[in-house]
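My structure is below; once you've seen it, I'll send some questions.
Chain IDs A, B and C follow the sequence of writing; residue 1 opens each chain.
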């Protein structure tokens, strides 16, 4: 039997985890029939708890036929500052792809990267340069003398490599991805054949 | 001039909006220098406000080197019902054993994991990589240059650790476990012994 | 239905017949060994190798009987056990003062380590199960930013992601650049395109050049078609007209093609 505080807690948890406005009816669907009345009362207490107060940063707002917890709009300058201050830097999928192409095809030019990715990549290349994951290693002696891109020392640090030659060949990756029982059993046996096959035979100390 | 409740509210709003664990330092970066001391104090008040309480559905937890607001774990059944989703999937024993080995021996190679578990583990390692609980940290400078595996930030999040150094020493588990070793041994046998033994040794297909 | 060949005998009832029906749930040979240690109620450090070795082999025999795939890992451990057992049975050399090494030492060490790992895994399972119930909020967008792109935390990005990304690039490239259909060279020749365009211009309807070029199967064919249009224009067989919308329309002129003109065109 669920007790009163538990139901109130559950209402708050659901409201918190749902980022979209939730109608009262839908919110109450998380509860059994016999709990529902209690849950409806709990919901009103939770809403009250999230009423605007000077020292509270989040409020419950009623919008689009539903309820949701949101940050107080007047505090948004702080949020903006917080998110702009960066924090954990992220690598987009485009950047990761570009990085991978440079890593495996270096030295490589922007048009060559573009050819492989199928989209212009100069913006991404610039970002990777700024993040010091790539470096310019010179210019290719062809028409237009495009820059040649290589990976940097920072890149090696990021991926725990001593040398770009340590980059695993794609086949190794594929092997890893397709390793199934059979392969694994086989590879397992190989280095182990040194074990005397005849247990009754001579054994070294 | 920002007043005290306002700063407390702002701290709560930032913590709420970030959703990711945020280090105290980064959280305070949303404030001006002259507000920072006040903000640090406000942060502690907010953390206290989110301490576990019977009727509160959300708590502040300290994990992966930061603070974040999450739902109380025991409210899972309600959330699961509401979102019609089981949440994160379980890990197999093989996966947990492998995770434990990597967590305690990192950085570690696949052959080393295999040696410790007594079974080849490449499939499990791959699954853990895909679930982002492990990451490849480079290659070991020995013959064959095997990959080195480490635990990830996701690992810290899923196991509620601030840092891998916070893992309890292995010996501690032993003590903890020897206490109920007997129980477990028994319960482990149970399902096997439920089936009446067949003196004729006949087996149904 | 199988009968006989009961593996009991040596195991002395320690391997319940139930095993014959229930699939083993051991995580591997070490897990099985730990189980045998437990049911024999001995210490890992005092493992009775001869007994355990026999029970282990009985178990494998059972698996075989049930047509279960015996993983190489089990076979390997079985060989190890026989190896240790044989050494246990050999008289220990008493030469010198130094004690001869216990042949079980390595196995005991591994079992102790594995036991620790299992215990840790067990605790971790409980923690994970509990924390599975934690829900977080999706990150809030302060302002309506442009469609958030999928991204990874730089601190978390590892070789696995890098390789995965490269694989994806190559796969996509292959998909978008299927190996060109092997067509007869003529299809790409300027003369071939010349004839094709000329034929398609029979009648009063103009040909939309850009659309036609876009319809070519590959760049080489498009280039040939374009050169063919230049030839057609040079021989005044077509008239080019640009519309207000930028379309380039080809109109057939009255002029007839002479055979030697056609033959002069690159084939």
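By definition in this document, a contact is a pair of C-beta atoms (placed from the backbone, for glycine too) under 8 Å apart; a residue touches a chain by one contact, two chains touch by 3 or more.
Because the structure is predicted, anything quoted here is derived from the model rather than measured.
Trainee: When you average C-alpha coordinates per chain, which one falls nearest the overall C-alpha average? Tell me, please.
Mentor: Answer for the innermost chain: A.
Trainee: Centre-to-centre on C-alpha atoms, which chain is most distant from subunit A?
Mentor: Using the mean of the C-alpha atoms as each chain's centre, the farthest one from subunit A is C.
Trainee: Taking the mean of the C-alpha atoms as each chain's centre, how many Å separate subunit A from subunit B?
Mentor: That gives a centre separation of 16 Å.
Trainee: Roughly how many whole angstrom separate the Cα centroids of subunit B and subunit C?
Mentor: Chain centroid spacing, subunit B to subunit C, equals 27 Å.
Trainee: Using Cα averages as centroids, what's the distance between subunit A and subunit C in whole Å?
Mentor: The mean C-alpha positions of subunit A and subunit C differ by 20 Å.
Trainee: Spell out, as numbers or ranges, the residues of subunit C touching 2 or more other chains.
Mentor: 71-73, 135-138, 140, 142, 153, 155, 158-159
Trainee: Subunit A: which residues touch two or more other chains?
Mentor: 13, 16-17, 71, 79, 83, 88, 159-161, 168, 181, 185, 188, in rising order.
Trainee: Write out the stretch or stretches of subunit A touching subunit C in their complex.
Mentor: 13, 16-17, 19, 70-71, 76, 79-80, 83, 88-94, 96-97, 99-101, 103-104, 116-118, 131, 158-161, 167-168, 170, 173-174, 181, 185-186, 188-189, 192, 195-197, 199-200, 203, 205
Trainee: In the complex of these two chains, what residues of subunit C are touching subunit A?
Mentor: Residues 69, 71-73, 76, 79-80, 82-83, 85-87, 90, 93, 100, 135-138, 140, 142-143, 149-155, 157-159, 161-170, 172-173, 176.
Trainee: What part of subunit C is in contact with subunit B in the complex they form?
Mentor: It is residues 1-6, 8, 16-22, 27-31, 35, 38-39, 66, 71-73, 77, 110, 113-125, 127-140, 142, 153, 155-156, 158-160 of subunit C that touch subunit B.
Trainee: Show me the residue ranges of subunit B that touch subunit A in the complex, using the header's touch definition.
Mentor: Touching subunit A from subunit B are residues 4-6, 8-18, 20, 22, 26-27, 29-31, 46, 53-58, 69, 71-72, 75, 78-79, 81-83, 114, 120, 122-123, 125-126, 136-139, 141, 145, 147-148.
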